[in-house]
């Protein structure tokens, strides 16, 4: 990478923001139209008609919406967490990918949050879930895992946004100095008057390190808390002590795979092949293998201990998930996607193959979506009283909204690429080293 | 452009304010009743007690409006020449009830018992205002001839306030289980 | 920042916005609610406080006492009258749903006259005056032509003073053609009881105090005779007597709700229940449990029915027959009853006679507590085999047919083709609250009150060992422009004048009822049970209590059954079924649905959505099949199959049910309405379409377990809506049980 | 140190308790005698009539969205011809350690002073969590505005009970033990300055039961029908403790609580059915 000059870096990044091709607008408008069709209209329909338009029923009161929620929270996991961990461990290959990864975190949290509202029976009363003083003496229930969620996700979204923002300040300043018009005032405001003095760099570094340390336990706690939504119930298949680590590992796993997918698409889309190279996919591939093994281990633990309890509750729930059509297909597809295919990453050849990495990472994400779907939709229909057993399958509204979340995420990312320096200019420069001085010696 | 945005913002904000002012302070104004009945004449000038006409107030959840028969009980002889009384008579002769317009309305999900409140000797005026001064029943206090602010907002916070503190005047302490949701909701 | 002009503009726009918002809120303001006071406040009514009116339930013939909760003139809830001896405060789902009879959107709102072709459903609204004039003009003409006997009146089997009034009317008119019809009836049972016990009424089966109940196909907990009372009795028998718990043995091919609650289920081959009873009888006599002098005669009469022989026919093991016989004789008191399922075979009467004699042979359980307590005789029922009515119709004998509360088009076997026969009748008048299949064919529809709007009374049969009369009083004002049946006839009588005025002088049915009860009071006022000194007091008590009953049990008389007299009535062999075994391999047993009975409840949404007790199916017809048999035929649950008998075919989805003999399929009666309001129409199939027309000429009862069928899997669309997901408990100890032995020990 | 740990243990236990009342004014409970219950379903319709629960129609029924607050479960044991069918009515058990109560983020469901697990429709935002956490599957959701869907088509709406609100779309609902009847009885009792008598409150299901399988009353009162039937001493607050077993204090050998091991402390006490061939008495 050392043959790239600093100017080139600046140019490349600013180019992504200022030069807008027709294909970008087409993608953007497709996204917008898609969101209206797959997300907006069905949601309005759902709000107007009621949750009855979903496939939910008694006792399967949770379905695809919560699957999506957990999935997107999971995706959110890797970005910031990975960035923070790699930052603390001073891993050099972090630098060219972390900005997008952090953005991914923030956007997927936002996407996940939309699912909360979509899932609610009376979303117009959303603010009741926040504790605010009122004359009616109504308060929120801090014993509820959902209440933990409100705060965990709120904190996580805030923290990851700040983390993203702090890291971007020098770049925003760099952009500010190179653009004109409304952009100049926008980035001028965003850059908070960054001048690049030593003191500023020093403070930024300190703040950034602080957040990096802060965000690691936070990220772990967020997904633990999300898992407690399920694990603190009494329901067979959900009430598992392993769930918190299982979810955290699953989240990092799916998040990492998400990064791989995203990076491959991004470098292609904005022609950043020279910044995101085989090196990155090589390292990420190793990470995925490790996570895959961890995930498999936890998954086996979950299934094994459930099976070994020998209670009718666990056995029925597990056999419904693993050996009953159509869920058995999904289950074994998930095992294939999450346990077996990622093992191919053991081979360096696979790791550095962009196509293979893309396919496997997409596979992992499909697998992880299925994992969450199976956890919810094979546990609730098999609760304690067999008389109430009834299968759950999503309705067209739920499927449509699920597609909509992906479009929504894409839209956010498209806007991000255009409005935000999606690669860290100053850190890529660090990566390049100091060519001028080197030349001098 | 900038200016237009400003105007738009201002318009939206004031629109909302205007809408809500009406909703909160001016809704349920004294509607025109089918008969120009004056509480002032009955309750103040003639000192008829409330329960004489609203006979169910200490027996039931609802207080009840007097039957036409009740009206005619007195007005067969009293003030029969008044045009308003003649309206009553015409209802009576047509054997039709008088379609009064409801002023105090509670939503379906509220359980409110007049009986409990009357038995706890909460004066009617506490919630219904000084009806003895009203020619036409109204939920507003009148300041300098301008109707303003409702006597009772009939909102949950207002109810709770009395259940916690105000009740001391009547029962010497907060209402037992008075803040339990199902005390007032159904 | 802002210059003066801008500021003014902002102020202007701001105030315009505020004004617009204010105005919009004003426009959006909801219409004010109205406060409508009473014109004259009714005494005893406080708005917001419920009033309860005692009345009687007419959802089936049992005559349960009910109380109706009325608030502001609207019926809100029906509950069992806690002091009523039949209902004892309980009420079944059908009774609860009486409110939906009253407030059914499918009710006929005004009198109607047919304008289009018959059966097309084109009617014109007319006034009551017009409607009654049309009818009375027709009746007058008919009588003037000397064809008074051409007036036919067909009702459901009603009791009480309404029946008397109708009878008086018909007598005064000069017609003897007053008949009753209902699919689910107890005529066979009455007849059999007359043969065995010498009384034609239904006796009181004292399930409450019995220690062993041997029930042959009597689903007494859901539909048979008086389910609410029997349910109470059942509860009392099981747990109401400390240290004593009665046992129930249920003999039937399909495990009914009662069977599910029984301790033992004897899955007998359809049609052989009578033989099984005889085998038990044989064993009782043979085993020396019957000690009468005529033991030898009995043995001779029963010798063909040894348990060994009967075991082969009935597919019940010989030891089991002997065991039941011994247990039945040893346990005191014990009680054998024969129900709907048994009486609906072609040889229903003989089956019931065979079952009845068990009570006699096993220590004479008749007239004792825990056995059969006979009631007083009642007048001969006016029940008619619907075929004779149809013959009259085809011969043109029926000039005018008045129908009340009966729906023969729906409730007769398909082979009768009632619909076609009715075409021959010049004038059909339907007194009905609902547009049903029969009403649709009528020329004049006079909508009647439902039982919650009407006066009436009910003399309960069977009673509970003492006479019970229940008063029906209007709980609410009529919802629609309807009239009481009694009022219609009183009005007709007034229109017809002459002799009617003498016979039926009353102004309305309420007055008639009161006058009739005054007669009753005057006749009986010296009885010690009547404490009231004036009729007014008596009447008021009647209304507030809900009726009158003696409240003490009659000691029944012992009976003697002579072998010679009874022998000709005993079953000769298994019941015969139409359709040979080869082509039609399945027995078909139909049973009244626990909620819709013979179909009358199908228009009540609450009942449609009440899961069937055994299968949990809602909103449709299903066919119950043995799971193993279905598997061998490649039929899965939910598959729509074609059921074909020699007389017709229907389509319905299969519901697998382990309590079903492999050689039998069962279908509930009640769905498959063509016209009966939006909740019933086009839903499910009417299994009566499969039936031949077999009727016991002596009783008029239609046999609905009388054919064999074949089934074919089809690919037709159809759905089985089951509420229960899974019926296996999977060792989760959900419904925990203890054995009778443990129970005895623990209760000590 | 030990004292500190004890205190900690106490807090540890208390935190997860959903209740706020150490003692209830009344402790409404129900006893279901399975040996009397015939499974006829009268209670289900009675409940529907009393509580304005809508009829949802065939389509929605097929999706498992009936709104009935109670149901009769049926379990079939064995194969033909040795088939046993068992019935059990299941309603909200008003658990003293209700899983639903800790689950709701907005306190739309909580335990009130009468030992009732109440659902506040107005407060509900519809997260479904309570229904998901409920081990008995007794919570029902308003998937639609049933009024608009024609569930109370005129004049069927005349029947609607004015003491019970018609729930709006998007809120959870469930059996209330006919709280409107409890409120009315308490109102009456207050007029006469006394406590509610045993047998004064009869929920619709209990009232309708033809075989008298259901009994309702106050567990605080040792002389009430329920206390006697369940064989319980006065104020059996032991039942609220974690891991409490009904069999330990009940004098009735037939008494049990449904899924007692889940430790939700349900207030509905079932009496075992007496049945040949199978026994679950050894499992305690």
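Each chain gets a letter, A, B, C and D, in the order it is written, and its residues are counted from 1.
Just so we're on the same page, contacts are C-beta pairs under 8 Å (C-beta built on N, C-alpha and C of every residue); 3 or more make two chains touch, one makes a residue touch a chain.
Source: prediction; values computed, not measured.
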| item | value |
| --- | --- |
| Pair with more cross-chain C-beta pairs in contact, given A-B and B-D | B-D |
| Of all other chains, the one whose Cα centre sits farthest from chain B | A |
| Chain occupying the middle, per Cα centroid | D |
| Between chain A and chain B, centroid-to-centroid distance (C-alpha), Å | 55 |
| Chain A and chain D: spacing of chain centres that average the CA atoms, whole Å | 41 |
| Where chain A and chain C are represented by their mean Cα positions, the distance between them in whole Å | 63 |
| Sites on chain D at which at least two other chains make contact | 64, 71, 73-75, 123, 259 |
| Interface hub residues of chain A, defined as touching at least two other chains | 384-388, 390 |
| Multi-chain contact residues (two or more partners), chain C | 48, 724-725, 727-729, 732, 734 |
| Sites on chain D touched by chain A in the complex | 15-16, 18, 60, 63-65, 71, 73-75, 90, 99, 102-107, 123-129, 131-137, 139-145, 169-172, 259, 262, 264 |
| In the complex, chain C residues that touch chain A | 724-732, 734 |
| Chain D-touching residues of chain C, taken from the complex the two chains share | 48, 71-72, 74-80, 87-93, 95-97, 99-100, 102-105, 221-222, 227-229, 231-232, 234-236, 238-240, 245, 255, 257-258, 260-261, 263-265, 267, 479, 594-595, 605-611, 613-614, 616, 618-620, 626-628, 658-662, 683, 719, 721, 723-725, 727-729, 732-740, 742-743, 746-747 |
| Touching residues (chain side chain A, partner chain B) in the complex | 134-137 |
| Chain A - residues contacting chain C, complex | 312-313, 316, 381, 384-390 |
